[in-house]
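Both complexes shown next keep subunit A, but they swap its partner, so subunit B is in the first and subunit C is in the second.
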Partner chain A sequence: MAAEGKAIDALSQFALTPVLGKVGASVGFTQSNAHMLIAVGLVTALMMWGTARRAVVPGRLQALAEAAYEFVHEMATGQIGEEGKRFFPFLFSLFMFILFGNLLGMLPYAFTFTSHIAVTFTLAAIVFVLITAVGLAIHGWHWFSYFKPEGLNPALAVLVVPIEIISYLSRPISLSVRLFANMVAGHVMLKVFASFVVMLGTAGVLGVLGAAAPLAINVALVGFEFLVAFLQAYVFAILTSIYLHDAVHLH
Partner chain B sequence: MADRDDFDRRLQEARARQGLEAAPKGRGGGLPGGAWGIGFRVGVELVSALAVGLAIGWALDRWLGTGPWLLMLFVVLGVAAGVLNVYRVFMPRSGPR
Partner chain C sequence: MTRWIRPAATALACLLGAPGTGALAAEPQAQSGGMPQLDFGNPLMIAQVVWLLLIFGLLYFLMANHALPRVGEILEERRRRIAADLEAARAAKAEADAAAAAHREATLRARAEAQAAVANALQEAQAEAQRRAEALNARLAEQIAAAEARIGAARDAAMAALRQVATETAEALVARLVGRADRAAVEAAVARELARRRQEA
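== the complex of A and B ==
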C-alpha cells in the first residue's frame, strides 16, 4: 500500500471509503464520519469516566479530564474575560473534537478527519456564524462600527472599511486552511518517507542500510506530528476565543 | 484555611519558577511562535484575504457586468486586507484605543 510500483502514492490515504457495508454506502457514511463518532465517543467517555469518581486526589483519568477542562477554561477566561465562561462549552467541545481528531489520525490504519477542508471549513464556518451572531446580539447595529476604526477620516473610510470587511471575511478561510494544510502536510510527509523506507528496503543490502535514514526521519516526524496535533487544536481554539473576545468587546 | 492559601501561594510560586505557569498573557498573545509556525501563519493570512478579495471582485463583476474593473480593485483591497491580517498577527488589536 505504501508504494505501488515505483510511484509514491501519498494522497490515497485521504480518500474516503464507505464503511458499514451496504447501509454505509447508501447513506454515504465514510470512515471519516466513523472517526468523528469515535472522537466524540472518546471525549465523552473521558469526561464521563474521568469525573465519575470525583476523588479529592484524582486518579490518572480524572487528572487528564481535569487538566483538559482547566486548560480550556483558562483559555476562555484569559482571552475573552469573564464572559468567556458562557462560551466555555463551545470552546471545549471544539478543542477536544479537533484534538482527538488529530490524535486519532496518528494511530496506524486510522483516518485523520481534520485533513479534509470540508470538515475544517465547516468548523470554521460555525465559529464565523457564532462570532457574528454574538457580536450582533450583544451590540446590535453598533456592531458594524467594528469595521470602522474610531476617529477615522471619512475620506479614508471608503478605503479602510472594505479592507476591514475582507479581513473579517478571511477569518474562517485562514482558520480552516491552517488546520487542514498542517494535517495534510504532516501526513503526506510521513507517507513519503515511509515509502522511501519500503522502496530502499527492497533494493538489496545497500538499500536496507540506506533505508535507515528515512526511517530515522520518520521516527522524528511522528513525534513532530504529535506536537502539531496538539498545537493546531490549540491554535484553532485560541483564535476562536480571540475572535469571540472581539465579538464581545468590539475592540 | 490560612495554610491552604499559603500552600496555594507557594505552589504558584514554585510553578512559576519552574516555568509551568503560563506567562501572564497580553491579550492575543499565547499564540505559539517558532519560525515555521509564524511563516506558515503569515502565508495563510495573506492568501486567505487575497482569496476573499478575488471572490468578492469576481462575484460583483459577474453580477454588475463591470468587466475586470471591480476584480482588479478587490484584488488590491484583498492584498491590503492580507497585510492588515499579518499586522494583527504581530500587533493584536487590544486594550483601549
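== the complex of A and C ==
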C-alpha cells in the first residue's frame, strides 16, 4: 500500500474492492458500502442504544445523541423555519451519514466513502431532486419565478435569468465536489507525508532524523482532518437546509 | 439517478483532466495512474451507488421512524417535566407570598390596634389630668379669692384704725402745742393727708 519503489502511490487507497467473498463480489458489495453500513450501524446505535434508558438526566451517550439531535434540529428550524421540521429527518440522516463517513475514514485501514465523487454526487443529486420537487410541489408554476429576481430590469433579465438557472443547476456539482475534493485532498496528503516518513526512515540515520518533519506534519494533518470531517458534514447539511429554505420560501 | 451520474461525472473527469477516465470503455484496471474515483467504467462504481441508495434509505428509515421520534419524545418529556416543576415552584412561591402578605397584614392590623389603644389611654389620662388640674385651679382660685377678701377687709380695718390713731395723735400733738384742738379741722387735715398719700402710693 505504501511507497512501492520510488513512486508514491497515494491514490490506490481510493480503489474499490469487493468484500464478503463471492457473494459480495457477485452483488458488487465493496469495502465502501461496508463502511457505509458501519456508519449507519454506528449512527443507529448512538441514537437508539444511547437513548434506550430514556433518562431524564442523560448519560454520556444519551447526551451525545441529544446534542446531535438538537444541533441538526436547530439548523433545520433556524434555516428553513417551521417547515424545516418536515425535512429534519432527512437533514439529520444526511449530516450523520457524511459525518460518520468522514470520521470512519480517519481510522487506520478504513475506507472513506465520502472521498468518492459518485457517492457525494449521489447525495447531492438526492438533495437537488428534493429541493426541486419541494419547490414545485409548494409553489407550482410560480416556482420558476425563483430564477427571476424581483424588481429586475427586463433588459437585464436576458443576462440574469440564465445565470440564475446555471447557478441553480450547478448546486449539486459544487455540493458534491466540495466534499469529495476535501476528503480526497486530505487523505492524499496524509498518504504522501506518510510515504515520506517510510522512504526517509529506510534511508539511514540521517533519514530517520529527517523523517521527523513529515511525521510532525502528519500529526498536525490528522487534527486538521478531524476538523475538516466535521466542517464538511456541517457545510453539506447547512447548504442543503439553505437550498430547502429557498425551495420553501423562494428567496 | 445512477444513470444520470455517469455523464455528469464523465464531464467532471474530463474537466479535471484525469487521464484514462474520460473513456467509458469497461477496463476494470484502468485506475493505474488515474484516480480510482473517476474510473466510471468500473462496474463496482454503479454497484457502490446502488448500495449507497439502499443503505442511506435504511438510515433515513431508521432515523425518521425510530430514532428521532424517540429522542424527540425524551426531549419533550424533559421539557414538560421542567415546565411542571417550574409551575409547581411558581405555585409554591405564590402561596408563600400570600402567606407573607397575610402575616404582614395581621401585623399591621395588630400594630394599628395597639397604637389606637395607646392613643386612647393617653387621651383618657390627659383628660383626667386636665380635669384634676381644672378642679385644683378652681379650688385655688377660690382660696385666693377668699384670702384676698380677707386681706382687703383687714386692710380696710387697718386703714380705718389708722385714721383714728392719726387723728387722735394729731389732736394730742396740736393740743400740746397749741393748747387746744379743733377736732373737726384735725380730722379734715388727716383725711386730706391720707388721701394725698394714698394717691401718691
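Everything below uses one rule, namely that the second predicted complex is superposed on the first by the 251 of 251 C-alpha atoms of A that agree within 3 Å, B and C clash if a C-alpha of one lies under 4 Å from a C-alpha of the other, contacts with A are read in each partner's own complex, and residues count from 1 in each chain.
We take it that a residue touches a chain if its C-beta (ideal position, glycine included) is under 8 Å from a C-beta of that chain, and two chains touch if they have at least 3 such contacts.
None of these values were measured; they are calculated from a predicted model.
A.B. asks: Looking at the overlay, does A:G78 come into contact with subunit B only (first), subunit C only (second), both, or neither?
C.D. replies: The answer is first: A:G78 touches subunit B but not subunit C.
A.B. asks: Which partner, subunit B or subunit C, touches the larger number of subunit A residues?
C.D. replies: So, of the two partners, C touches more residues of subunit A.
A.B. asks: Once chain A of both complexes is superposed, is A:V177 in touch with subunit B (first), subunit C (second), both, or neither?
C.D. replies: The answer is both, since A:V177 touches subunit B and subunit C.
A.B. asks: Identify the partner contact of A:W143: answer first if only subunit B is touched, second if only subunit C is, both if each is, neither if none is.
C.D. replies: neither
A.B. asks: Touch check for A:H116: first (subunit B), second (subunit C), both, or neither?
C.D. replies: In the superposition, A:H116 contacts subunit C only.
A.B. asks: Contacts for A:F224 in the overlay, against subunit B (first) and subunit C (second): which applies, first, second, both or neither?
C.D. replies: A:F224: touches no partner chain.
A.B. asks: After lining up the shared chain so the two structures overlap, which partner does A:H245 touch, if you call subunit B first and subunit C second: first, second, both or neither?
C.D. replies: first
A.B. asks: Should A:E164 be classified as contacting the first partner (subunit B), the second (subunit C), both, or neither?
C.D. replies: A:E164 contacts subunit B only, not subunit C.
A.B. asks: Would you tell me the residues on subunit A in contact with subunit B in one complex that are also in contact with subunit C in the other?
C.D. replies: Dual-contact residues (subunit A): 173, 177.
A.B. asks: Touching subunit B in the complex: which residues of subunit A?
C.D. replies: The contact residues of subunit A facing subunit B are 74-75, 78-79, 149-150, 159, 162-164, 166-167, 169-170, 173-174, 177-178, 181-182, 231, 234-235, 238-239, 242, 245-246, 251.
A.B. asks: In the complex, go through subunit C and note every residue touching subunit A.
C.D. replies: Contact set of subunit C toward subunit A: 1-2, 4-5, 8-9, 12, 31, 34-38, 40, 42-53, 55-56, 58-60, 62-64, 66-68, 70-75, 77-78, 81.
A.B. asks: Please give the residue numbers of subunit A that touch subunit C in the complex, ascending.
C.D. replies: 11-12, 14-16, 18, 27-30, 32-33, 36-37, 39-40, 43-44, 47-48, 51, 54-56, 58, 62, 65-66, 69-70, 88-90, 92-93, 96-97, 113, 115-119, 121-123, 125-126, 129, 173, 177, 180, 184
A.B. asks: Residues of subunit B touching subunit A in their complex?
C.D. replies: Per the stated touch rule, the residues are 22, 25, 27-28, 30-32, 37, 40-41, 44-45, 47-49, 51-53, 56, 74, 77-78, 80-82, 84-85, 88, 92-93, 96-97.
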